[in-house]
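Here chain A shows up in two complexes: once beside chain B, once beside chain C.
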Partner chain A sequence: MEHQDDEDLKPTPGERVKQVLKEKDVRQVLFFFVLFTALFSILGLWAYPRWMPNIMSKEMRGDESIMIWFTVISAPIAGIVLAFAMRSFIDIQRGDTPPEDGPAISGHTPTVVIWTAVSFLFCTVAIVWGMTEMNTWSQDAIAKESNAMVVNVTGAQWSWSFNYPAQGITTHELNLPVKQPITFNVISDDVNHSFWPVELGVKVDANRLATTVVHVTPDKIGAFEVKCAELCGIYHAYMETNGQVESRADFDNWVSTVKAQGGAQ
Partner chain B sequence: MASPATSQSKTAVGAVISVVVGILVVAAVGTTLHAHSNLDAPAGYAKVNGTIVAPDGKTYPHAFINDNVFADAADSKIHGSSGGHAGWPSYGPYINLVLPAHTYVTMTMHVYDGGEKMNTPYFASVVGTVGGTINIDGKNVSSLPNDGVQHTFTLHGLPTSSQDPLFVNVPLPKTPEGQQDEPGSPLPKGYTVTFSFITGGKGNYVWNCEYPCGDSTYQNFGAVMGAPGYMNGKVTVI
Partner chain C sequence: MTTLTHNPAASGPAASRPVPQPKKSLITRLHMGTGMVVGIIFCWGTYFVLRHHFSSPYRINHDEGLTDSHNVNITLLASMFMWCLGFLIGIGALIGPFRWLIGKDLTAEEQLYLAGDGQDWKRYFRYCTDHKVVGIQYLVGVMTLLGAGGTMAMMIRTNLVTPGSHFVAPHVYNSLVGLHGITMIIALIIVSTGPFGNFIMPIMIGAADMAFPRLNALSWWVLFTAIPVLCSAWFLGGIPTGWTAYAPLSTQAGPGMNAFLATIIIFAFSTAVAGANITTTVIAMRAKGMTWNRVPIFVVGATISVALAVPAFPTFMAAMIQTGLDRTFATGFYDANIGGSGWLYANLFWIMGHPEVYVILIPGVAALMEIAPVFVRKPLFSYGAAIAGFAGIAGLSILVWAHHMYMSGWMPSLNGPFMVTTEFISIPTGLLFLVLIGTMWRGRPWMKLPMLSVYAFIWDFLIGGITGIYLSDVPADNYLHGSMYVTAHFHYTLMGAALTGAIGGLAFWFPKMTGRMLNERGGYISFWLVQIGFNVLFLGMFLSGAEGQPRRVADYGQVFAHANLISTVGAYSVGVGALILLWAVIHSARSGKIAPMNPWGSKTLEWTVPYPVPLVNFDEPPIVTSDPYGYGRSVK
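Moving on to the complex of A and B:
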């Protein structure tokens, strides 16, 4: 009979949750979890689109989308880690004798299952999303390859040069016609560099003796920057140059001007 | 046995001392490297002497500046009597240049070094000078053979909206075998290279050599090519 009384007094799951939520520690952790999750979500959804450079290609648009949504997906994870960190910081123990550790909860099966499943889900989304995006670019590049304009990109300490074989010119600035599929053949003449036309959403290594091929179709007229993204020596910071996406007519005029100057600019 | 308060004080003092020592070590290393970098070597100032009408029809102040390229850094006079590193070539007496803004700058360089083959043929072409040419001992050229270059004067800057773009590439002709600058010997005849370019507004730029004149590392871009103050420097437009 006494045993039956114990069964009757056992709290229901709802009562247990209410009981846990009354704990000061738990409420603080929940507060910080919501706060940091919201902050990182705002960072991804509001700040990134404003901080990102001018988007001048579909590839760059894909990059931005990945940046935003991966940040949002990661926000709860960062939120829970920072929430416990903040709670620990607030309750920091001073002195030579820290308190004993609390009881381990590693054997709590539902927690392990939920944590593993959520982590698996996040990783799967990230992998599938990234592979789908890459595959889309590859298929797009294959479809447009026969119509692509080739630009041979050479990195050398500490300048870029761009050879347009069909146009017969070589320049230190990168001009491209809008809505024209481009194939970049990227190589280095000395150490490793990284070819990064920022607003086009392309960044690939420029290696010695190995050509890296990458495709892009600029879809917006405007200026962009070409940087080196691989630390390559004392003037690495100066290994930058101008780029310009322009109309076909403006591009043809520019090619004519460079040719009139002997084919090099 | 020390009290908890004493122990905490010792810990705090130890932490502060560790941080201060760390800062001092980093500052000492940085200061030493900077002192040996020649980045603050005396600059050569272009001097304005009259005006000139450029091919664009505009009249500019005309400024002049001279510099040299030696096979032996000792001849450059900016690395001490030893030249800093035996066998390294160097520009000199100036590695840092100061140029007036919106000016037609004529630069004359006396060059005394040999050469082999460029890594990047593009830098054997003349880019960014008035008329797209340079004058070598009285003869105008717009490019040099890929194996006819001793060094390049390649001036460039950051593509920012805060300063005008300025890109100049001048390949300097290699002197023939047996007619090059040798340590301890009088300077040979060499070549005199003259070229002009027009500066924009005020800004900070750099120049470097694009001829692979370093040691065998990094496709001949090691050693002197990676050291500040020999084959590179600053250009300030004021």
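Moving on to the complex of A and C:
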């Protein structure tokens, strides 16, 4: 866009822009730029909310909005790169001898500088966004730590078990009361696993003899899945179980049912 | 530096002088066959001696702490390394060092013989120091590895075609995943720097050979010995760990794991040797007048890549040696029960693992940057930005490893810093795109296979790069880590970018390497089948990842059925395309159209030498007077 073949006329900047915009390849680039930017933005806005599962916590909402908005933010970058590539591609020449030489442009410092500055800016936006989100999560966790319910999660080849110390029960299904801050203390009996309650949007590895902690506050009633996200041997694929976010009353009922069965499910 | 360049007999066409036959020399009788015989003798000999030792009631070193499985691991690892040593002795790789021990060296005739001077096809099966022979050996080796890894990929996708297909058993599936991974990683690390870095690069810089021709042959034949070792994993029960081989899963794994360890240690040795050699060659052996700002960009990229590999792979080697010690002598580096930590392994692994993806990527991109100016008939846009891009990536890549460990619990407080370094890599990466699209701008591209790869690269690497930004973001990675989304992302970068670059390089340099043109029709059909199939395959995998499917699962729920079916259909298309490319390469190398000396009208030095390339490449050492991108009509 910035390259000017003919500068004899010394036009004013305004005229120069107009002149450049009249050129066929500049217009083609602009067209493809708008097309690809729109395409990628729509893809981000449309696809991720449909592809990703139910949102059952603030963390999951944060994960999904990052996926969506990072796609939208990077759409113009993808757009500009693909626009130049596409414009070049539609002009491709067949034949057994090389086509005529193009202009000998071996660099253009302002373009390189602007390009670097813009990518630096986009990069900073991504970093600041991520940092803010991380910070919100940890602040949230600290604020809620005092009234959080503890669940001790143990991964073993190839099942999950959940110990609720306050309730005095141990189960293989993960039931959680809605709007209750939860602290998961995760550990492994054998090899590495990764505790992934999918719809809650958090994840942490289960390591042998080292407890890892993750906080989440489920804010929507419904079923979710618990999976293992770290290859842990033959039946890694089957190391999953069901989870349920339910009202406080339902949760208490469930606890007393489990207790009635002997405190272990 | 080799003495060949100083030998007056060595200049001039090979056919015009008598073939030197060193008398009474062992060298003339050694080849791949003798190497295999000696290697197998060493391997089985070690195996039986150790088996006997460990089953003997009178054995020394009878340690209560070591169980039978430790002894099996010792036996197997020792046998594998002895195979490697035996092969190298049998093929004559160590004759030079043996001579040094007695204060001598190879004679000039022997060196010429080792260089394959005037020999027929048999030199490809010998310890040949000619860089062009080594380049072809690497090319065949890479294609074999890609074929094996691709076959495993097809089996993986077949198993995942529907939920509960049970095409293979779960432990076989896990082995497929791990061995597909390591085979492809090894193949991709050498895919550009092996064939083109050895065959083309010395000619490109106007050198007569590599700086250390014998090390060059050594790097290839050491790598060769790793291939049977890796294959043996299948016969020893496979590997259950994936290619990341996380401890403690790896320390507890069955005997097949030994094959994995040995392969990595042998491969790391080969890479270190090759990396030192290529780096030295580029620094020390450039033609007169080839100042640093006139070095072709592929040479710069390959050098940065191997220079990055030199510190990276020893870390992997060290990680694997420790895994090996845990498995053989119960040391417990990674055993939390006796004070070790799996996080130590994860750190060592990823300190190699993240530079490694750029070791793979950079030469592929550099090859495409070499191609683009030739086919758009314009200079490379901003040579400086290209180098800044490569150097920036290489520099930052050693500071990003823990982004693979955000969710490991190792050190959550470092997630922020690692997120910053990781996202900053997008800046030098962006420069690579700028160089390519800047080169295209206002040029008239020539529709040829190498150029098509440039377009495919831009599309694929853009998707791979942008999805990398999400993954590097800690909150989003909470969801995405360990999911199929990651698998799709890194296939876009490794396969979509690096392998596409290497295929472009193959189409580009094929005429110089084989003397014939690559079959265009076959190439086009393969290109479109592979590229369309690839995008269907991995866009499907982004979908299943976003839906929440973990990676490396042998089976999955009904909710992921559509996405996986899409991926499998795409995979078959890639498979068919790859077979067509294989056919095109073999067919063209045997009976393709004879290539002119410079079919693309390129200005780099390798196109100034005839085919077959003379032993010392240039009759007269070339003198370089300008950069190699002097295309285009002048503009004001």
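The working rule: the second predicted complex is superposed on the first by the 200 of 265 C-alpha atoms of A that agree within 3 Å, B and C clash if a C-alpha of one lies under 4 Å from a C-alpha of the other, contacts with A are read in each partner's own complex, and residues count from 1 in each chain.
In the analysis below, contacts are C-beta pairs under 8 Å (C-beta built on N, C-alpha and C of every residue); 3 or more make two chains touch, one makes a residue touch a chain.
All values derive from a computational prediction rather than experimental measurement.
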*Looking at the overlay, does A:Tyr235 come into contact with chain B only (first), chain C only (second), both, or neither?*
both
_Contact-wise, after the overlay, does A:Asn163 reach chain B, chain C, both or neither (first, second, both, neither)?_
first
*Look at A:Gln180 in the shared chain and tell me whether it touches chain B only, chain C only, both, or neither; answer first, second, both or neither.*
neither
*Between chain B (first) and chain C (second), which does A:Gln28 come into contact with in this model arrangement: first, second, both, or neither?*
neither
*Answer with first, second, both or neither: which of chain B and chain C does A:Asp190 touch in the superposed model?*
both
*Considering only touches as defined above, state whether A:Glu59 meets chain B (first), chain C (second), both or neither.*
second
*Considering only the touch criterion stated at the top, classify A:Asn152 as touching first (chain B), second (chain C), both, or neither.*
neither
*Dominant toucher of chain A (residue count), chain B or chain C*: C
*Scan A:Gln261 for contacts with chain B and chain C and give back first, second, both or neither.*
first
*Which partner does A:Gly102 reach: the first (chain B), the second (chain C), both, or neither?*
second
*Common ground on chain A, meaning residues reached by chain C in one complex and by chain B in the other*: 94-95, 190-191, 208, 225, 233-235, 237-238
_chain A-touching residues of chain B, taken from the complex the two chains share_ = 4, 7-8, 119-120, 122-123, 125-127, 132, 142-143, 154, 156-159, 165, 167, 169, 206, 208, 210, 212, 218-221, 225-228, 232
*Which of the residues in chain C end up touching chain A in this complex?*
170-171, 174, 177, 240-242, 244, 246, 248-249, 252, 336-337, 341-343, 374-385, 407-409, 415-416, 419-420, 423-424, 426-427, 430-431, 433-434, 436-438, 440-447, 451, 455, 458-459, 462, 466, 469-470, 473-476, 478-483, 543, 546-548, 550-556, 600-601, 629-636
_Quick check on the complex: what are the chain A residues that touch chain B?_
94-96, 154, 156-159, 161, 163, 170, 172-173, 189-191, 208, 225-226, 233-235, 237-238, 240-242, 261-262, 264-265
*State the interface residues of chain A toward chain C in the complex, per the touch definition above.*
3, 5-7, 25, 47-48, 51-53, 59-60, 62-64, 66-67, 70-71, 74, 77-78, 81-82, 84-85, 87-89, 91-95, 97-108, 111-112, 115-116, 119-120, 122-123, 126-127, 129-131, 133-134, 137, 186, 190-192, 194, 196, 198-199, 201-205, 207-210, 212-213, 225, 227-238
